Amino acid sequence: MRGTRHVLAAALASALAVGTYSGSVTAQGEQTQGISDTEIHIGAFGPFAGPVYLYGKLVMNGVEAVFDKANADGGVHGRKLVLVREDDNCKPEGSIAAVKKLAYDEKVFAIIGGACSNATLAAVPELEKAGIPMVINSAVADAITDPPKPNIFSTQLTSSIESRAQLNYALDQGAKKIALVRMTDAWAMARYNPLIEYAKEKGIEFVADVELQIDAPDATPQALKLKASGADAIVMVLYAKPGAVMIRDALKIGYNPIWVGQTAINDFAAFEKQVGIPDALKNFATISAVAFQPTDPEMKPWTDRLKSLFPNDELSTFNMNGIGSAQVLVEALKRAGKDLTRDKLLAALGSIKDFQTDVYAGSITCDAPRSHQCNQNPGWLALRDGKIVRIK
Amino acid sequence: MRALLGKKAFLVLLFGTLLLLPFGANKYYVFAANLVMLYIILALGLNLLIGFAGQLAFANAAMYGIGAYGTGLLMKHFALPYWLSAPAGVVIAMAAGTLLALPALRLSGIYLALTTLAFAQFTFWVMTHWTSVTFGAGGFVPPPIDFAPLPINQEQGIYYLSWVAALLLYIVAKNAMESPIGRAFVAIRDRDVAAQSLGVDLFRYKALAFAMSGFYAGVAGALYCGMLGFVGPESFDLLQMVMHKGAVVLGGMGSVLGAVIGGTLLTVILELVKEFKFSIEIAFGGLLMLFVLFQPTGLVVFVKRWLPGWEERLHHAEDDGAERAPVAADGESRPQTQAGD
Amino acid sequence: MEMFSYLLATGISTGALYALVALGIVVIYKATEVVNFAHGEMFMLGGFLAYTFHVMLGWPYVLSLILAVLAAFGLGILVDRIAFRPLMQRQSLVSVLLAMVGLSFVLKGVARHLWGGKGDYIPFPPLVSPEPIMFGGIMVMSQQLVVLGAAAVVMIVFALFFKLTRAGRFMQATADNPKAAKLVGLRIDRVYMYTFGVGSAVAAAAAVLMAPLTLLYPDIGFMLFIKGFAAAVLGGLTSIVGAVVGGFLIGIIEQLSAGYIHTSMQEVAAFIVIMVVMVLIPTGLFGRRGMRRV
């Protein structure tokens, strides 16, 4: 009996006291934290579960594929890349905990990821305090990288870049009356505000501004309102599912204006299937951060590599976002040289210019210190003669 | 030896460790420890409502959110200092909690569960749609909190405030549940018609149970606001609710000490689940199921069996019949639409 | 007027979906007095299973439908075995509900693990031509007509099942008075088990019918559960007719409030209905009278 009690008490004490001590780190230590002669530890945070796991887990799988390739090619200056994943549950408390854990407990060298706009935004002060190099690959809120923070770069199109591009596209198509259909979550709000601002700047007033929920099984009221407004172009701040429902129900009432999508609908072929009505997308165009569709032959090597790592998965545009951002990071790590430090990595990241990845629509240019938003090139996809093509 | 293993020793050890932790541990552990204290407070409050008063409500995450939003928005809109806005936020959460006692007077069991669930979803909708006040789905950054003249920063200040709050609220809950209030709660839980005929003022005590749980959740919310420096709606969703329930079930329904154990373990398990890269959904869903099925009285009973000095004066009986069945076979306490036909 | 007829027509067709979900909730509630919190996940899994059989394995549509429904029947029995039967013996409603909430999260997580890597929203091929057609002066999706027709069939089969078959009458008897049912020798455990199976099977059938319109994703269940529950509550929770009427009403309320008040009402209308009905008329429109007031 007494033995059991001892064990229990010891277990309780140790459970509580676990890891309560950690040595102090010198500034020099922080510069090379997470690097050994054989490995570089890179952190990642984003949700593994919940409705937005696509922007976390799947993107990380893409990053893993790039690291796997780099390691198979002998690593970066002989060091293997190790990805340390943290689940942030898409919540502020999760992302702050994840950053603290990666920076002070796992002691990784740099971080790649940041899935949810709110969660990542909430972690920015912590990231700055830790001074850890960070490459954002999914969260779109402008405030994360604007104004620029010395250690935070983004390879994702930020929301204001996309919002402006969406509006400009509608205007270029000769739209006279423009309407807006949007979700109301954090992702959509990060786009909505710059969109309204830019419209004001351009002297445009949206003829209708309707809400559609991500889960809505139907969008008939929205379609009727948009039709009644007489809009000839509609800016969509929607994920693919509500987007498909929206277009389908508008077609049902015989309304097919110019639809302007953005990167959440960048898997054009999948979106065609989701809408499910032939020829429905003849007036639809969408921004794509990536230059290819997952089924394109150019993506074959990545499809194979992903399949070998995650046999259950199909290559998706989420994976491709991870691939693009990881290629930028690996390139910067290479350029930073054998005697790697955080400052050298940040310098290398900041000076990346016209770098071509296998996936992104445009080249990557980080114009530090002026701008840390390294991806400024929205690519456009549309249907021409029944084929998905890149336009402009 | 006995004294070393008793529950007093456990509490001293727990709160002692939490008190000293910031001096030795890295920032991640300090942050996790602060979360531990928040979940202790949340579990204490929810346990009063579910475990003691037997009111199966699903709005605890919403109360938590109302506390956080109330505190943060008062600071943001009216530039109130934290020491004013935090109590105000708590009062708002408590008021919302009390409001829920109204349907609870007429409804019980499943009806109450889903009405409060609808209320929670409605609260979430208000947080995302009342943009002019709540800043919408994008959340907001409350102004920094100044603890001057104390020589501590916001992180340390909130940490020790949480420590004090957790300890005080534990003592309040313990004393309240050992007083006539606790007996009235249990009477409501076990058979509320009988409780009424025995002279328990149902309205008063149900309202009190809801108000208290709103108060506890509000305090946790006010601390959350200061701890994160960011408030957004996504933290107060259904998974948050399941985690609160998980903490209560884990520790032991109807045990104040159980709530302390549950809140602590929940956070430890959450971090372990992340450590092993496992799905939080499966882990917490599964944990809730396993405990309800195999250890329905929670860990506290398990501990009591092995360690001396863990007796509580008022917890539910060791046999499982304690969570009185609204589905008892005699039909008397079946859900309400049933009776009378 | 055109707007009104479109809203009404769509309200009826989404209402049919909610009615089917509500039907499953009510069938289970009637017999067991428990709301299956994992009911939405039965729908979700039914849809993904049909997708696996039909799209991934290439099996014929009807076969996939039948297999998915059978599998969901099995899953329903699993819910009974895991979350209901062991806890019912302990007579604790709180525990039953908590176990079901837990189960619903586990099922969601498992689905995400199995099918979550296949893309964001998985399309399911419709049974009929995807083009909208003219019907009664307005355009509708032909799949919506299929759903409506199929929903009507399922509802009628159900009503007949309870009225005419032995199993149905057993379920009815057990629901009305479990003690008496036990006394006359009914094995109510078994009745409960089949009830869970039947309720889940309906959800799976609804999922296969609706998947072309709603698309499939692991989180689809909760939204449908809430809408279905709102419908069931409005109908009184114990009435099959009530579930059907409630489903159509919720569908129509949602559409009209979104069309005439504000599009954001579409999301929140169901929650408001639940709260209002619960507080003002807890027995719903068709529920049993004689409520015990406490």
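Going by the order they are written in, the chains are A, B and C; count residues from 1 in each one.
Everything that follows uses one rule, which is that contacts are C-beta pairs under 8 Å (C-beta built on N, C-alpha and C of every residue); 3 or more make two chains touch, one makes a residue touch a chain.
Everything numeric here is computed off the predicted structure, so don't read it as measured data.
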item: Contacts common to chain A and chain C (chain labels); value: B
item: Far-end chain from chain C, centres as C-alpha averages; value: A
item: Chain pair showing more contacts of the two, A-B and B-C; value: B-C
item: Centre distance in Å when chain A and chain B are each reduced to the mean of their C-alpha atoms; value: 34
item: Whole-Å separation of chain centres (CA-atom averages), chain B against chain C; value: 31
item: Touching two or more other chains - residue numbers and ranges from chain C; value: 109, 112, 264, 267
item: For chain B, residues contacting two or more additional chains; value: 129, 239, 279-282
item: Overlap residues in chain A, where contacts from two or more other chains coincide; value: 49-50, 184
item: Complex contact set, residues of chain A against chain C; value: 49-51, 53-54, 57-58, 61, 184, 210-213, 215-218, 220-222, 224-225, 228, 239-241, 244-245, 248-249, 251-254, 267, 270, 273-274, 276-278, 310, 312-314, 316, 318
item: Chain B-facing residues of chain C, complex; value: 29, 33-35, 82-83, 86-88, 90-95, 97-99, 101-110, 112-113, 176, 178-179, 222, 226, 229-230, 233, 236-238, 264, 267-268, 270-272, 274-275, 278-279, 282-283, 287-294
item: For the chain B and chain A complex, residues of the former touching the latter; value: 1, 4-5, 10, 13-14, 17, 21, 24-29, 31-32, 35, 128-129, 136-139, 224, 227-235, 239, 264, 268, 271, 273-274, 277, 279-282, 306-307
item: Sites on chain A touched by chain B in the complex; value: 2, 4-5, 8-9, 12-13, 15-17, 19-22, 48-50, 85-87, 89-93, 96-98, 100-101, 103-105, 116-119, 121-122, 125, 141, 184-186, 188-190, 193
item: Chain C-touching residues of chain B, taken from the complex the two chains share; value: 50, 54, 56, 102-103, 105-111, 113-115, 117-119, 121-122, 125, 129, 192-193, 196, 202, 238-239, 242, 245, 249, 253, 279-282, 284-289, 292-293, 296, 320-321, 323-331, 334-341
